[in-house]
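You will see two complexes here that share chain A, one where it goes with chain B and one where it goes with chain C.
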Partner chain A sequence: MSTTTERRRSGGRTGADWRRSSSAYLFILPCVAVFSVFLAYPLVRNAYVSFFEWNGLTEATKFVGFDNFVWLFTSEAVLQTSMNTLVFGVITIALQMGGGFVLAVSLAGTGRLRSALRTVYFIPVVLTPVVVGFLFSKILEPNDGDLRNVLDAVGLGALNHSWLADPNTALVTVSFVNVWLWVGFSMSVYQSALTTLPKELVEAARIDGTNSLQLVRHVVLPFLRPTHWALLTLSIIGTLKTFDIVYVLTKGGPSGSTELPTTLLFRAGFDEYRQGRAAAIGTILFLVALVLTIVQLRIAKRAEAKQ
Partner chain B sequence: MKTPTKRIMTITAAASVALLTLAGCAGSPEDADGTVTITYESWTPSQEVMDSIVAAFEKENPDINVEAKLLPYADYVTAIKTELASGTGPDVFDLQAGGMLGEFQSLLEPLDSLAAAELGDDWKGTYKTDALDQASIDDVAYGLPHGFQSAGFLWVNETLLEQNGLEIPTTYEELVEASETLRAAGVVPLAIGAKDDWMDIDVFSAMSNGIAPGEQYAAMDGSGKWTTDGLVDSFDAFAALFTDGVAQDGAAGATTYTDTYDLYADGKAAFFANGSWNQDMFVSAADRIGGFTSSVTPMPVPDGTAPVIAGIGGLLAVNKDSDKKEAAFKLASFMSSGEGQQILIDGNLDFAVTAEDVTPAVEVSENAQAVRTQLTSLLNDELAGYREVPNAAVKSALGQALLKLAAGTITGEEAAAEVQAAADDAS
Partner chain C sequence: MRILGRPALVITATIAVVWVLPLLSLISKSFSGDGLGNYAAVIEQGNVARSLLSSAIITLVTVFAVVAITSLAGFAFSQLRFRFRNVTYGVLLTGLMLPAGAILVPFSQLNRAFGWGNTYAAVIFPYIALFFPLGLLLLKNAFDNLPEEIFEAATIDGSSLWRMFRSIALPLAGPAITLVALWTFLSTWNEFLLALLFLNDPAVQPVSVIPLRFQQQYFVDVPKIFAALVLSQIPVVVLYIVTQRRFNLGLLAGVGK
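Entry: the complex of A and B
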């Protein structure tokens, strides 16, 4: 008769093992259930719908194969949307990560003033993007908005412009609003990472005679490398998902100058009742995010291994 | 003997099955005390007005309870699509005419037999022909219309014009001249929320019917094309509003609610593009606009003025899968041609959909009454046709083309070609 040990050594499973793993499965069941229902199923269903022409109301019965994807990759909108995403992404990610880092470093440490300022910078993060959109629409309104009134009052009226109505300035304007919205988040992530910076490291560098700028460049920045990667991943995914703020500010206009995949998706699905096309956009967006994330994780792992 | 784990799993499975079975049991149409509860969903009217309607309806029909759910428009469309697709839709709900009605048609109960049973065989005579047409497809009514509204004309701040020695323009050339004078005086000439595709479509539709009468309707019903010379001229004329100094700076980035609404209400704009529903300014923004005299005037086009377009605010449809259709129809009928219509009109100052006119019973200022008279005569004498574009994809393409014209990035000819391509694609 084989003993437990013998059975385990030959790679078999004992009754106890099964009891232990079945209770383990029970423990993860709620999480797996939520994941399957709210994440996996919608993804699969979305991919399925993208092969149909469907108005979102009646049963999806008209199979059209890859037509929706062909439309996506050959439509004029695709080139402009991709370029917009790139520009929007680069500006947003660079400025909110860079700005967040600068704020975190400048406001590091204790003290009521620093604490208060950090809170103030974080407030935009908890505001609803739709509300922020309305707010900035009012501020940037070229005839009677707050920005115009302020510029006029200080004699800089010549700088007035229809920021959101000019196809040449709309995208950059929307990007700046997005930076305003998220810089507090980066600041907060960098700030908590900074609290783990060993004091001895800083002291040693000071003793060696480094000034503050060199300290930041040669000690702080490299130390925060994992944080950079984490924020970069989140920012890229966040950029691909951005919808509310752009939709409220410009609806993707003027003339498609702020059109992002998400605004295109919304219009196809809800204004044109073409859920199949919307699903195709959604599927491609998901795949792009997936690929970018995998690539980033690989690079990050390799960089860490080098260290 | 089953192990503890297996017993837990078995009980869980059994409980889940029991719960699902219970959940699957449909409630019976009648509640315990014999009353019927029906559900209503829409983006309109306001909660206050809806409460009055429900109270009045339940008084008239003590055996029917109404549960009303109101949501902002975009959220409402998402909610109603999801609910109808999953079989949990409300008994009676609101739809816009045109593309939306077309998309939802297969989910709606055709109303002719319900209406004949409830209102008599000549029930169609109760309604204005235009109003009922917009709620019908191929002469079959799929909803009961509510709230007739006109659009495509301009609101005028007469006080501002007077102060600058100007008369109401009756041609486009006069409008351009007036705009120059107004700009010099620091006044916004025409406040137009050109970021709203529906606003652009309203203004363009009126203009096209002034420049090339009937051609847009022909293009929309498939008997004509968008690329006619007349319509290309109309697209160019629309674009000219933004380059001739007529529309306010940054119009392409302005929304009607509330960028341009605010400009007009605060007395900063001489002209304002909005529809007859804007009469509610006399109720909700009375103190803001009380300082100046408002009137309405047809949209100036080259060599003359344009007519107006008009459409129903919505149509009340009965869910094809409802098991309380008679009760649902009663509510729809109450709101469309019964006492509910009066309550709605008192709240939003719309025009009646019934052949017999119904006027607001609320007290409004003299200015409001004068404007209503002007609007009524525009509706009676200068109506070009319906308002909502019949096909959702074509409407989207038209809106996008007009947005680009407002931003100045395409020509009238390119706009026409874009819309025609969408029309070809959709047919």
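Entry: the complex of A and C
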């Protein structure tokens, strides 16, 4: 950075002049450069590739116009993936946010047990998702997994099931593992927000004779509204980005029952060597995430304005 | 401040079993069979130390770069006035919505063009690009929340722009910078897909690809795989326990703004 010249040039200025210094461009330059080369260029390149048929290995490409997008909007696999994403998203977001909220409210305050429990629920968030996936693939293993052994031990052996191999249960199972992994994140965000809850608000409600559940419903829940919106935004983006845990648990199977956008993209690009399709999935996925986020921020802003 | 009483605490403590048991299972599996011998075997033959070192290098460089570039840009977007400011900021934030998977192929082409095959740079630059938008958002919000007066006093002093940033704004953004550093650390340490695709040489592979690598190497010797997994998780768990108090995720609530 040209700090020395900057110092000389702006030294002795008064007023708000420093805010208008053209050095501002130097401050944003590194971010803009990284963004341009490693995000914008790949995105544009991806959009370009999506109009071609290309195996990704050789130089040979064939222009196919909108074929990849036609496939995208008509194929059974994409329809199934979209439905899976909806189910996966609704289960994980609802349980993650709902569970995180309940945990944060239940464990709010000081005390050794409370803080130990917060740590336990948060630990999975810092673990590597691939490791968690691998762990759960062993835990859920139908022949000698821990879950089976626990069920057997408590006399519920009849409930044993090939959770991940059965197309009817695989998606729900993967969703639950994802909730196990992330619920501590929502809990922690809620918990931080709760530390700013004014004591007077709670005390006033208690004096009015409201019980604990009413307090949560009528005071705490509305107080955390901005946090709900922030978590919803992060969770929707997170859902659309989910890859590692699904890849390790099921690779999108059995028979596509846990296919999510990123695993479908990976399959198209690196198992079937259809880079054009993969690029089309990537392009649309980005646009969907962008539109959802913008719409959501608009709604949130309007809701806040009404308050 | 406590909101709910004992019953809620008892219930959450009971449910915590569902979180504790898998974690215990992770550890106990790593000792089954040969006990500590599993650890000795993977450390000796499995190149785990080398992978830990690779992860450390990749992660620390990424964290440093992300903190450096986002604190500069966050300050500028928050406090300075220049043309195209809001548009540029909005465009940079679209990076938040980009799944790594969506741009794998262009990444690999860039790596080939730069001659970065099987080097740390092959993942470090994509990581910086993928993880800086969240850092930028958090730091801009943090700088937005600084009181106006601290800058006014410095203006009268005739402080330079660089000093405004370095000596006044930056120290006050401490908690946000810590969170950005910690979160970038975790994201980088735990990243799997790019590491798997761009680093094929075990000499440069980070720990996140250990499960897959070991599945091939040890095939059915599951306890040894788990020993390696536990080793790969020690750094992040220790980091979390040491920095727990500074893990102020509440700052993330600013994404709604």
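Simple rule for what comes next: the second predicted complex is superposed on the first by the 282 of 307 C-alpha atoms of A that agree within 3 Å, B and C clash if a C-alpha of one lies under 4 Å from a C-alpha of the other, contacts with A are read in each partner's own complex, and residues count from 1 in each chain.
Criterion: a contact is a pair of C-beta atoms (placed from the backbone, for glycine too) under 8 Å apart; a residue touches a chain by one contact, two chains touch by 3 or more.
None of these values were measured; they are calculated from a predicted model.
Aligning the two structures on chain A places chain B and chain C in clashing positions. Once the two complexes are laid over each other on the shared chain, residue contacts for A:A47 go to neither chain B nor chain C.
When the two complexes are overlaid on their common chain A, residue A:F122 makes contact with chain C while staying clear of chain B. Counting residues of chain A touched by each partner, chain B versus chain C, the larger count belongs to C. When both complexes are overlaid on chain A, the residue A:V78 reaches neither chain B nor chain C.
Judged by the touch definition given at the top, the superposed model places A:L57 against chain B, while chain C stays out of reach. When the two complexes are overlaid on their common chain A, residue A:V87 makes contact with neither chain B nor chain C.
Contact with neither chain B nor chain C is seen for A:A205 once the two complexes are overlaid on the shared chain.
When both complexes are overlaid on chain A, the residue A:A170 reaches chain B alone and has no touch with chain C.
By the document's definition of touching, of the two partners only chain B reaches A:K251; chain C does not. Once the two complexes are overlaid on the shared chain, A:A279 sits against chain C while remaining clear of chain B.
In the three-chain model built by superposing on chain A, chain C overlaps with chain B at stretch 77-85, while the rest of 77-85, 239-247, 347-355 or 401-409 show no clash.
Once the two complexes are overlaid on chain A, the chain A residues touched by chain B in the first and by chain C in the second are 19, 22-23, 56, 138, 270.
Against chain A, the residues of chain B that register as touching in their complex are 3, 5, 8-9, 74, 77-78, 81, 84-85, 99, 103-104, 106-107, 188, 195, 248-255, 259, 262-263, 266, 268, 392-393, 395-396, 399, 403-404, 406-407, 409-410. Note for the complex: chain A touches chain C at residues 1, 3, 6-7, 10-16, 18-25, 27-28, 30-32, 34-35, 37-39, 41-43, 45-46, 49, 56, 102-103, 105-111, 113-114, 117, 119-131, 134-136, 138-139, 146, 150, 180, 185, 188-189, 191-197, 199, 202, 212, 215-216, 220, 226-227, 229-230, 233-234, 237, 240-241, 243-244, 247-248, 261-262, 265-266, 269-270, 275, 278-279, 281-283, 285-286, 289-290, 293, 297, 300. On the chain C side of its complex with chain A, the touching residues are 1-5, 8-9, 11-13, 16, 18-23, 25-26, 29, 68-70, 72-73, 75-77, 79-82, 85, 88, 91-92, 94-107, 109-110, 125-126, 128-130, 132, 136, 155-156, 158-165, 186, 189-190, 192-193, 197, 207-209, 211-212, 222, 225-226, 229, 232-233, 236-237, 239-241, 244, 247-256.
Of all residues in chain A, those touching chain B in their complex are 19, 22-23, 26, 55-58, 137-138, 140-144, 162-167, 170, 250-251, 253-257, 267, 270-274.
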